[in-house]
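For reference, the structures are reproduced in the following blocks.
Each of the next two complexes has chain A plus one other chain: chain B in the first, chain C in the second.
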Partner chain A sequence: MELRLTEISDSAVNLLPELIITTSLIASIIIGLIITKNRQAILHALALVTYLVTFLIVIQRWPSQPSSLFGGMLRLDDFSSFFKLLFLVGGFLTILISTKKKEATASEYILLINAIVLGSCLLSMSMHFVMVLLSIELVSLSSYILAGFGFDKKSSEGSLKYFLFGTVATACMIYGFSLIYGLSGTLDFSASQFVSTLSNSSSTLVLIGSFLILAGFLFKITAVPFHLWAPDVYESAPTPIVAFLSIVPKLAGLAILVKVVLAVNLFGQSGYPWQTIISVIALASIVVGNLSALPQTNPKRMLAYSSVAQSGFLLIGLATLSMEGIHFLMFYSVIFLLMNFLVFSTLNQYEHEGEMLTVDSFAGLGRVSFFPAFSMLIGMVALTGLPPTAGFTAKLLIFSSLWASYAETSTGILLILFVTGLIATVVSLFFYLKIPYFLFLKEVPANSVPTKSSGSGNVLHLILVIVLIYLFIQPGVLMGWINQITFVL
Partner chain B sequence: MAKIDLLFYLGAFLFCSGLLIVFTKKNAIMILLGIELMLNAANLNLVLFNSQKTGLEGQLFALFVIIVAVCEAAVGIAIILKTYHYYHTSVPDQISELKEKP
Partner chain C sequence: MYLLSLLIFIPIVAGLAVILIPSRYSGSFRVLSLAVCLIQSIILILIFTEYNSESGFQLIEKIPWISLDLGTWGVLKAEYFIALDGLSLPLVALSVGILLIATISSWTIDKNRKGYFILLLILNGAIIGSFCALDFLLFYVFFEFMLLPMYFLIGIWGGPKREYASIKFFLYTLLGSILILIVIVGLYLSVKTPDASDRVVHTFNVLHMQDAANLISGSALALDSTSLLGPYSFRLWAFLLLFIGFIIKLPAVPFHTWLPDAHVEAPTPVSVILAALLLKFGGYGLLRFAYPIFPDSAIYFSWLVGFVGLVSIIYGALNALSSKDLKRLIAYSSVSHMGFVLLGIASATVEGVTGAVYQMVSHGIISAMLFLIAGVLYDRTNDRLIENYSGLAVKMKSYTAFVLIAFFASMGLPGFAGFMGEVMIFFGAFQSQSMNGLLPTWMAITATLGLLLGAGYYLWTIQRMFYGTYAVRNSLTDLTDLNRREYLMLLPLALAALLFGILPQLLLNFINPFATEFVSTWFPFEKFINP
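This part shows the complex of A and B:
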């Protein structure tokens, strides 16, 4: 691999969004050290401006020809740009909803969020196992620390569990990389050598190696059986952080999972049933997530299991192994970002007004102040996948691609996945609508303090609600945009 | 060729014993040790497979793995220390405020 200086400088130009985030990251360290007055406001403004500028730069290059950077380490294409936009929106919204949190005063808070966004952007562009490792570690290590940002007993415990599960998954992933490297002779999984040597190899080690690699990514997207950390971390970490961790690292993991699964599937030439493997993981995630969420009384724990189930639905798009399925997966990702943020942000708003440890504590609050309860209702309805929200459209599209794939190949597991997914959606009604039920239909306890909702939070929720309903009426706006993305490995 | 096979089995043995340590040992520090063994198994593999090929890809990757392992240990020990401060133990089984509540 010959890397000349000119190639590096040419590549660096294409890396402008990441360079801006890095600069902002370093600037936030310096600001944290020298400025003491109004530090939080300055840091938050800096981060918001950074994400806005980066967003505009990424969007301005859309649509672009795929270009290989740094000798094949990274590739900039529309697929990665699309996910980058989602990460930036995720970072932007997180900073926006954490302005009133006491944890958010530290400059490290902004720094770590920046680092995760940066790592996620790089991860979605990675084409080489070295780059995958470095960017996934940038995301992971920052997440472990952020999970402990409540600075109390519980969140240190959540952080420790997250760390222990995470490092084991990473170690398995690295061993998988080494096995696949030995078998294919290359670390670049988009290389033609990768496909040709692996399709000629009959060794079971291909399957073991690939599965170990996938373990690392499945951990990031909280798919079963790598979901055990999620409930503890979600329960203990500060709510804005949970919103962030449930979206950005998950979608980043999903982006790289799509690439690597398509690579190890060797464009259909693989001797191993990757479609079945992904379907089984999706099936397990949906079943375990939904059934475990049912008895939960802590809203954040319930949402953790809901997030496991949502990963299962996202994986359905990948299980089809078709271009169409992946387009619908991207559509679902956008909707997932919006609805998950809506729910967590509303939860965050309620938490400002008091401890919300159980679902019971929401009783009757919808009668006191209508709007937050209304956005919670819309968010939950969207997560369930009911009209009139885009959550319905997303589920409809992803199930239709699954059905199309079943009609084409008539693989039994796809049919089982289809039926289970539909039944699970019905089951999920019972826990998703639990909070809205308490909000609207229960009486306010006599000893409760009347609360008032904040104006700025409501505006943000209103925008999210409008977008969710608009995308239900006009999904074509987003789908037309996604359909432009041609995905080549 | 036999030597290469032997070294590959050594790597697999290291990986499996690392995984076993992770699952059986109670103390968080011991779990970290197990993880280090797993990473070293990967390093051994990378260097070993690289010796059969041209280029230095595998050896360079091994260097990156070492760097990542150091970062992980640093973050991990900081987190364990923080938890010790609250719970006065570094045994994850005894750190269990967060669990399923019926």
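This part shows the complex of A and C:
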């Protein structure tokens, strides 16, 4: 591959958002080393400003002509910019809610969050398997450490489990890369050579190799059967981190999954039933996630399984393999970010320093202070997918795309997915309502300590609640924007 | 004039306003709530002056709500589309009246008044909104909006087993509404607006959905679609899903088991709303959505609809006969009476459909009365077991008088509203075999058994509880007769039950034009009736 110096310098200009994050990342190391007074405040402010500035830069370049950077390693288009915005919002909100002592004092905390956001941005732009590997590893390695930020035995266990599962998934993925590289002769999955050689190849290794590659991404989005790490990590990691890990790496994994699935499906020319494979994974995630969440009493374990189920719903959009389905997937991603953050952030508000919560510890708290309980209720209602929240709109759209796709192709699995997915909503109500049930319906136990409610947290929650309800009433605002994104690999 | 929007949104806005009032003014919540209901009554009177019973949908308000670009599939269009016709006007009027009485009945609620009245007001708006909505998505939103307030009203202010009852209610009803949602998704993608445009506009407008000309040819739910799923075509499946979704709400056997639990545990005003209004969405949904949108499938399954109705009539009555708890008895009698609604609808005759709507209204009035009566006793003794009472007529004279009125009205005695509804349903059901061949005569004959059983359990209850020597077991309180507030609630209901029994024309004026038009939608499908 020939790369001219001018091309690198031209590409670098387009990479301004990533460069800013990198600079901020390095700066936070230096600040961590030399400043001791008010270090936490300075680091947080720096990160917040970084995300804000980067967000504005990405917005300002919207909409942009797709441009290939660094000789086809990366591609900047509206699709990746859209996901970048979500990562930045995710990072921003995470820093906002990281107010507890343990996680917030270390400069590594900010550093690692920065690194994950950076890796996610790069991942969503990757068009080349080597670039995919590099950025996914940047995300993964940082996540493993962050998962251990509870600094206790349980947290280390979660972190180690995450690491072990993660490494195996990465190993599978690399093996898949090598198989596909051997068959196609290129690592650039958007190249015409990739499509032409693979569609002419009759080897089953195409299927095996592609599936191994997907395994790496499915691990990131906690889809069944690669979800086993999630409950332990979610349970033991600090809550802001869980919120972060349940959103940013997941959406990053989703973005690259969309690209790679479209690539290995060879834009409809593949002889293998990719639609069925994705549908089965989505179906399994919805069923396993919802059923496993039912008996959980630890709210974070419960939300881990809920997150598995939500991945299933997100995958539905991809399973349609249509432009519209992917648009709805993006809509769902936004709503998922909002509602998941609302729930985790409220959960964080209820947690005392370093304390583990069970659902019964919420008993009667809805009567002690109303607003946090109300935010929790709205978050849970949105996750279930009931009106009047945008969670309903997101589900309605994604299931509409599924039905339309079924009506076009008459593939049986899509109908099964359609009916099962909707029925699963009823099952999910049972566990999503568990916390509001304890909050409002149970009496306050005699020996309970009233929970403090922080004013700033409430403002954030109020904003999230309003956005969730607004997007229900006027989904066109967001959808019109997403519709502008033309997705050409 | 936006009368309907005012009717829907005044309570919702008031409910949100209550959030801002500090809890220490706890006396103001019920006053505000009552004021809202009184304003609604005035609006209702204005609506009656505007409404002309001869001309279809009226007081139409139609504002674009959601318009989403779905790329190659066209455009998704949902509207804020509300209107009244002969089906919804009686039910809206019933809702306003019952909600007013429920608010008066809530006067004694002491536990967390603020929360209670917020939920009651939101529920109020959602109920009326659901009856008015003519956009399927809008209906669904209002419909779902009733669930959470109801869940909390039962779960927080209910009886000892309230938690179990409330989650059971929620799960059953949500299952029903998900089945409905499945059809909504399939349906709106199969329907386009009639106006010619270069892009397909998918609409949730129920009136467009009812017109077979708007079905996109080649779509799964098109009339000529030949694709089968198992034994049935997609249209038949869609009707079945809607049918099950709505009879869970009705409720009909075998999906009725949530009702006795919810009723027994719910506080009196919530029981009243549940029985008088929420159950009506079963019948309303069938008449507004399932039947007109899938008339061919409805004809195909009319035997099933009638049979489910028949089973509900008999099984509900038998259960009521064996109930030991007064509220449970009333709950099962509701199952039995709503079975008549199904039978009337299944007959697909003008009389049957008119009777079904009439029965819904009269059951709304009578069941509200019955639950208030049960509540009166429960307020005094905290005990609802029939066997613990006897000779109440001695101590509570006017109470007994109202009980007799309510029981006789519910039994279907001539002169009461219940009679008119049931008699028209029987006309329809008996005619059906000769007129359209949908329901065999034996169904109508067997259904009369329900009347007999109804008389049985009511008379037996009167005998056990009100006759004989005065005794109240398990309670030390001396029973007092009705107080002024209780009179205020029971008297209007008793008068209404009599009025609609003696002057059925008052209601028929509205219902009849609807029923005539409703049945006429079958004409294109006569080929299904006489193949």
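Assume the second predicted complex is superposed on the first by the 484 of 489 C-alpha atoms of A that agree within 3 Å, B and C clash if a C-alpha of one lies under 4 Å from a C-alpha of the other, contacts with A are read in each partner's own complex, and residues count from 1 in each chain.
By our rule, a contact is a pair of C-beta atoms (placed from the backbone, for glycine too) under 8 Å apart; a residue touches a chain by one contact, two chains touch by 3 or more.
Since the model is a prediction, treat every value here as computed from it, not as a measurement.
When the shared chain is aligned, no partner comes close enough to touch A:192: not chain B, not chain C. Legend: residue contacts after superposition of the two complexes on their common chain; A:9 is shown touching neither chain B nor chain C.
When both complexes are overlaid on chain A, the residue A:423 reaches chain C alone and has no touch with chain B.
Of the two partner chains, chain C is the only one touched by A:403; chain B is not.
Touch criterion met: A:387 reaches chain C, while chain B stays clear of it. Judged by the touch definition given at the top, the superposed model places A:367 against chain C, while chain B stays out of reach.
Taken together, the two structures place no residue of chain A in contact with chain B in one case and with chain C in the other. Residues of chain A that touch chain C in their complex: 322-324, 327, 367, 381, 386-388, 392, 396-397, 399-400, 403-404, 406-407, 410, 415, 418-419, 422-423, 425-426, 429-430, 433, 437, 440-441, 473-476, 479-480, 483.
Chain contact summary for the complex, chain C toward chain A: residues 65-73, 76, 112, 137, 140-141, 144-145, 147-148, 151-152, 155-156, 162-163, 166-167, 170-171, 174-175, 178, 181-182, 185-186, 188-190, 219-220, 227, 229. In the complex of the two chains, the chain A residues touching chain B come out as 1, 129-130, 133-134, 137, 141, 144-145, 148, 152-154, 156-161, 163-164, 167-168, 170-172, 174-175, 177-179, 181-182, 185-187, 231-232, 235-236, 295, 297-298. Interface residues of chain B, counted against chain A in their complex, comprise 8, 11, 15, 18-19, 22, 28, 31-32, 35, 38-39, 41-43, 45-46, 48-49, 53, 55, 57-58, 60-61, 64-65, 68, 71-72, 75-76, 78-80, 82-83, 85-87, 92, 95-102.
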